[in-house]
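Listed below are the structures to be examined.
Look at the two complexes coming up: subunit A is in both, with subunit B in one and subunit C in the other.
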Partner chain A sequence: MKGLPPVLITAIVLVLGFAACAVQFPNIASTRVVGNLLTDNAFLGIVAVGMTFVIISGGIDLSVGSVIGFTTVFVALVIERWGVPPLAAFLAILVLSAAFGAAMGAVIHVFDLPPFIVTLAGMFLARGASFLLSTESVPITAPIYSTVSDFALRMPGGGRLTAIAIIMLVIVIGGALLLHLTRFGANVYALGGSRTTASLMGVAVGKMTIKIYMLSSLLAGIAGIVFSFYTSAGYSLSAVGVELDSIAAVVIGGTLLTGGQGSVIGTFLGVLIQGMIQTYINFDGTLSSWWTKIATGVLLFAFIALQQGLVALARRPVTKSAGVAS
Partner chain B sequence: MTALLPRRGLAQILALIVILAVDRVVSPQFFDLRLQDGRLFGSLIDVLNRGTPVALLSLGMVLVIATRGIDLSVGAVMAICGAIAASLADSHGLPVVLAAALGAGLVCGLWNGFLVAVLGMQPIVATLILMVAGRGIAQLITEGRIVTFSSPDLVWLGNGSVLGLPVPVVIALGMLILTGAVVRGSALGLLIEATGGNARASELAGVGTRAMILAVYVWCGVCAALAGVIAAADIMGADANNAGLWLELDAILAVVIGGTSLFGGRFSLVLAVLGALIIQTMNTGILLSGYPPEFNLLVKAVVVLAVLLLQSPKLSGFAGVMARLRGTKP
Partner chain C sequence: MGNGLDPASPLLEVRGISKSFGAVRALQDVDFTLRAGEIHALLGENGAGKSTLIKVVTGVFPRDAGIVRLGGEDVAPRSAKAALSAGIATVYQEVNLLPNLSVAQNLFLDRQPMRFGIVREGEMRRRAKALLADFGLDIDVAAPLGDYSVAIQHVTAIARAVDLSARVLILDEPTASLDRHEVEILFRIMRQLAKRGIGIVFVSHFLDQVYEISDRITVLRNGRLVGEREIASLPRIELIRMMLGRELAETTSARAAASERPPREVCASFENYGKASYVAPFNLELRHGEVVGLAGLLGSGRTETARLVFGAERADRGQAKVEGAAVRLQSPRDGVRHGFGYCPEERKTDGIVAELTVRENIVLALQAKRGLHRPLSRREQDEIGRRYIRMLDIRPPDPERPVGLLSGGNQQKVLLARWLATSPRLLVLDEPTRGIDVGAHAEIIRLIRELCDDGLSLLVISSELDEIVTYSDRVVVLRDRAHVEELAGEAIDVGNILAAIAADSVAVALEAHT
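Then we have the complex of A and B:
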C-alpha cells in the first residue's frame, strides 16, 4: 500500500491537533489535563478495544452502549439492594455479559444473519432489561467505590493517573498484544479478510465469531463497571450512543470498516482525538458541546474518504457492491 | 393491483390482527371511535397518528434497503428539518417553511447518496457520519434550546384534520400512494430491485445503478424531512436532542417486519408501512395494558429476533413452509 499507513495519519492528526490546542491554551499541555482526558474516556477506550476486534473481523456490535447501561444498573442494584459483595457482583456481571456476547455471536454464525441487525436486537434487549431493573439512578455507596475513586498515581506536574485510567491502559495494551501477537488475533484478521478463505485455511469460523462477540461484550461489561466507578451510580440511560462513539474512534484510528485491517493502538489514538476535541471545547468555553458531534462527524468523513482512496489505490478494479455490513 | 398488496403480506396482516385483538382484550374500548368537532377520536386513530413518523421513515428506508443499503441518519435528518421548520415557522409562511425543511432533507439525502453511490462507501458507514454530525447540526440551528412556535399553519399540519382524519395520517397516506405510483407505476421499482439484487450485473445490463442509489437516498431524506416537520408540528416545537431519536431503528425494524430482505433485491411499500403500524400497535397496546413503556424495547427485541430467524437463509426449510402457506414460491 502506498503512502502513509492510516495509524500514522491518526497519530499525526492527534499530535498536530494537540499542538494547535496547546498554542491557543497553554494549560492544555499539562499532565493534569491529560490525566483527566484519560479518566473521562476510560470506559470509551475499553469498549473501543472490543469494537476494534469486531470490526476487524468484518462485523459490528451495536449493543455495547446498552451493555454498559445494563452493567451499571445491575452492579448498583446487586451491591446496594441485595448486599452482595462488590467483587462477586463484578464477577457475575462479567460472566453475564460474556454469555450475552457469545449468544449474539452464535445467532450471527448459526443463522447466518447480518451482525448489524442481530446486535441491534441485542441493543434493544440489554437496554430494555436495564429499564426493567430500574428506571431511576441508583447511587452506589460501597466503600470499594470511594477507595477506587481516590486511588491515583501522581504524575510529574500534578496530574493524576486514576485507577480507571490505569485499567483502560492495561486493557489497551492487553488488547494490542492479543490482536497482534496471538493466533487468536491472526484469526480475527483472517476472518475480516475473507470468511470463506479463513474457513478453508482451517479457522473455526463459528467458534471465532462467538469468541469475538464474547470479547466485545465482556469488555463492554468491564467498561460498565468502570463507568459505575466514574459516576458512582447505576443508571439505565447511561452510555446511550457510546456504540457510535466507539465505532467512530475505531474508524478514526484507521481500522477498515470492511474488516481485515486495523490496530488497537490506532483505536486508542482515535479515542484520544475525540477526548481532545471535547477538552478543547471545554477550554474554549464559548463553543457548545454539539460542536463535538460535528467535529467527530467531519473527522469520520475525512478518515473514511481516506480509507476509500487507499483501498481504491490498492486494488484498482473495485467491484465491491454497496452493502450492509455482512 | 397485485404490486401494491402482494399475497406475501398475509403473515403481516395476520400479525396485525392478532396484536389488535390482544389490544382489544387489554383495553375493551380499543375499537371505539367517536366523531367530535369534525375529527375522529379513538385508540385506532391514535395508533395511525402516532405511527405516522415511522411510517414515513419506513417509506424511504424500504427503498434504500431494497438497493442493499441502509440509512442510519434518518433520525438526525428529522431533527435537522424539524429544527429548521420550527425556527422559520413564526416568521415565514407555510410554503416557505415546508420548502426549506424538505429542501434540507433533500440535501441530506443527496449527501448520503453521494457518499454511497459516487464514493462507493458502505452505506452503514456513510450514513453513520450524518447520524453523528446531524444532531450537532440540529442543535446548531436551535442553538441548543427547544425552539417553540405558534404558527397556526404548522400546528395544523401536526394536529389538524381533513375529512375527520388527522392531517399527518392523510400526509402519510398521500406519500404512500405517491411513492407507490412512482415506483410501481413505472419500471423504477424493478430497476431499484435489480440494483439491490446485483449491482454489477444491473450496471452491465444498462441500469443506471448510481442514479438509482442516489435517488433512493434523496427520497429517504425527503421522507425523513416530512416526518421531522410533522413531529415538530405535533409538539409545537423542535427538540434537537430527542426528535427522531432511535426512530431510524424503528424504521429499519418496520421494513424488516414488512418482509423486505436486508440483503436487498425485493421490497414492498405497503408492507413496510404495515410494519410501522404493527410496531405502533404494540407500543400503544403496552401503554394501554398498564405495563411500563420500558417493556417496549424488550418486546421489540423479541420481535426482531423472531422475524430475523424467519428470514434466515439457514432456516430455508421452515421459510419454504411459510412461503407455501402464503401461497407464493419460496
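Then we have the complex of A and C:
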C-alpha cells in the first residue's frame, strides 16, 4: 500500500495532541471538557460537513460564514420583531438558504464560472443582506431557546452532551453515510475526479453541482440556527471567517483540496483538532487566543505538504499486476 | 435470426449532420446508417471527424444541422446521460474513466445496485468481478482504477459500455491500447452482442481489425461522407484510397535495406541494468543508426524497460554508459541532458499540454533542454513549428491552435514532433503509431528509417508485430518483466517473436500437466 491514509494521520495527530494536553493539564481528559468542546464547535462541525462535499467535488464554498451570519439575524428578527413561531422561522430560513446554494450551483454550472468567484460573490451578498436587516445584535428570548439550551444528556463523569452537540453528531454521521454509501456520494467523488469524464459517463453534472452547493448552504443554514442557540442572539457580524476555519478543518481531515478524495470523518477529526487547540489555550490562560490561528496555520501547512507528497507518490505509475481469469 | 429483428432495418439513422467549431467545419452534411445486429466500422484519417460525429450523435456537442433517428424515432439527446437513457452507450476516445474511484464504482457509476437508497457495495463488487471475468481480467475491483495500467483501464471502460446493454454501442478506438489477446476477447463479445441485435459502431485505424470484425464501413474525409460499403466487396487498396483520397505511397514491408547497413558505434549501453520487482536485470546495446524493437505482451516489462533507459525510473543495479562513458540516470532530466527523448504511451497524462498551442507544445522540450535563460526567439519557434507540422502532416496546419482541440491522432504527432525537435541521440518511442491513421502511419515508419540514417538511435515499443519487423534491426522480446530473447537479422519475423512470447505459456501448460 501507499503508506498511511491521510485520515489515519489526522486521527493520530488528534490522539497524540490530546494525550500531550492531558499530560500538562490532567483535567482536560474529562467528559466535561469534551462535552464543551463539542458544543463550542457544533456550528463549525456542521458547515464543515457541507464543505467536505463541496471540496471533494472539486469546488469551494466561501459563502458559508455569511450564510450563518445572515441566518442568525434573520431568525432573531423574524422571531422577536415579527412574532413568527420559531419553527416556522427555522423552516423559512432553511428553504431560503437551500435556494441560495442552489442558485450559486446553477450559476457555476450554467455559466461555467469558477466556484471561487461565484461563492465569493455569494459571501458578500449574504453578509451585505444581513447588515441590511440589522446592524445590531438582536437578543432572542423565545422560550424554545432556553429549553434547548438547558437540554443535555448527562455523560459519565459529569459532562453534558448538549442539544446542539447532538445535532452536530447526527449531521456528521448522516453526512458520512450520504457520502460513502449512496449514489449521490459516489457522484460527488466522480465530479472531483473529472467533470468532463463524469459527464461523459452519464452523471448529470449540472444537477449534481446544484445539489452539492444546495447541501452546503442548507447545512450553513442549520449551523446558523445552531449558532443562534449557542449565543441566544442574532448578529450580522457573527461567524466571520468561519468559511476559512471549515476549509482548514476539511484539509486537516485529509481531503484533497483539488477534489476527488476525502471523508467526512476526517473533517470531523479536523474540527476536533481545532477545538482541542482552543481548549489547550483556554486552560493555559496566558496564551493569546490568536495562538489557535497560528497553530491551525502550522497544521494546515503540514497537511498540505503531506498531501502533495502523497499525490506525487500516487502519480508514479505503480501499475498493479493483473491476474488472468481462467 | 430468431430475435425477430429485421437485420436490414436501420436502427440508427443520421442524416445531413453538420458541425462547425468556429471556422473549422468538422462535419458537413454527413449521413450514417447503422442496422440492428451489425458491426459497422467508421473510418477516416486523423481529424476526419469520426469522434466529432459520435459526439454529435450522443449529444455531447450540439449539432448545427441534421437529424438523428433511433429505431425510427427522432432523438436529440442533449447530454451523454440522455443518450444513454435513449439506448446509446459509448466509449469515447479520450475517456480513461475516473482514476480516483474504485474499479467497481467506475463500472457501475450512476447505476449501482441499491437497497433502501444505499449502494450495495458487496453486490456491486461481485457483479464487477463477474463482468471483468468475461474479459479475462481477475483484479481487485475495490482498488482505485488509477492503480492499474492504461490497458486495464480501457478494458474497464469497454466493459462498462458493454454492460449497459443498450441498443447501440459505440466504441471510438477501443483497441488502441489493447494487446492481441484482449482484442480477441473484445471481438468475441462484440460478435455476441451483435447476434443479440445490438448495432455496434467501431472506430479503428487498424485495418486488419476492421476487416476481421466489421460487416460494413463508412468512410469520412475532411468532415464529409465519402461512402458506405459492404466490407466483403471492398478491396483494401480501394478502402485506403477512399480514406486518403489518393494512393498510399508504397511502404514496403521488406526489411532488407535496414539490416544491410554497416554496424555503427555504440550510442548507449546498459549492463546488468534493472530494478527489483520492476524489470529483471538486462543487457542492452543501442547503436547509432539502429532501431531496436521491444516486443512482448502488455505488462511484460516493455514500458518499464523504456522508463529505466530514459531515467524516468531509477535502476537499483547495473551500469549505464553513453558514448562509452559511465553515466547515472536518476531522473528524466538526466535522460534529457544525455540527449535522450521519450514519447510515452499515455499521451493525455504524460505529455500533451492541452491549453498550449501546437507551436508551444512542439518547442517545450527543446526549450527545457536549452534552459530558461536562453529562450527561443519567436521566429525560431515559428520556424520549428512549421517544419514539424509539414514533416508530420499535422492537421489543421495551424501552429497557433490549442493542442486540446486537435483530433487524437494529431495530438500524437505533436508529441512526436516535440522530441524530434530536441535532435536527440536516442529516442524512445512507446507505441508511436497508436491512434494514427494509415497515411500518417506509413509516414511515421518512413520517418523512423530516415532518422536512423541520420545516426539517431531508436528504441521502439509496439504491439504491432508486423510493424516492429518492418523497421527493427534487432528485436528484444520480453516476458514477465524480463528480457528473454534477442533476435537479429534474418531471425526477425513475426513467427519467431510470437514463439518467444509464447514459450512461457507452453512451459506453464507443461507444468500443469506434470
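Some observations on this one:
Heads up, the rule we're going with is that the second predicted complex is superposed on the first by the 314 of 326 C-alpha atoms of A that agree within 3 Å, B and C clash if a C-alpha of one lies under 4 Å from a C-alpha of the other, contacts with A are read in each partner's own complex, and residues count from 1 in each chain.
Just so we're on the same page, a contact is a pair of C-beta atoms (placed from the backbone, for glycine too) under 8 Å apart; a residue touches a chain by one contact, two chains touch by 3 or more.
Keep in mind that this is a model prediction, so the values were computed, not measured.
In the superposed model, A:113 lies in contact with subunit B only, and not with subunit C.
Shared-chain residue A:305: touches subunit B; no touch with subunit C. When subunit A is checked against subunit B and against subunit C, the one touching more of its residues turns out to be B. Of the two partner chains placed by the overlay, only subunit B lies in contact with A:125; subunit C stays clear of it. In the overlay built on the shared chain, the residue A:204 is in contact with subunit C alone; subunit B does not reach it.
In the overlay built on the shared chain, the residue A:194 is in contact with subunit C alone; subunit B does not reach it. When both complexes are overlaid on chain A, the residue A:251 reaches subunit B alone and has no touch with subunit C. Annotation: subunit A residues 318-325 touch subunit B in one complex and subunit C in the other.
Of all the residues in subunit A, the ones that touch subunit C in their complex are 177, 181-183, 186-187, 189-190, 192-194, 197-204, 260-261, 314, 317-325.
Listed in rising order, the residues of subunit A touching subunit B in the complex are 60, 107, 110-114, 116-118, 120-125, 127-129, 131-132, 135, 244, 247-248, 251, 257-258, 288, 290-294, 296-298, 300-301, 304-305, 308, 312, 318-326. Those residues of subunit C that touch subunit A in the complex are listed here as 60, 79-81, 84, 90, 92, 95-101, 105-106, 109-112, 114, 117-119, 121, 132-133, 136-140, 143, 146-149, 152, 160, 299. In the complex of the two chains, the subunit B residues touching subunit A come out as 65, 67-70, 115-117, 119-126, 128-137, 139-140, 143-144, 198-200, 213, 240, 249, 252, 256, 262-264, 292, 294-301, 304-305, 308-309, 311-315.
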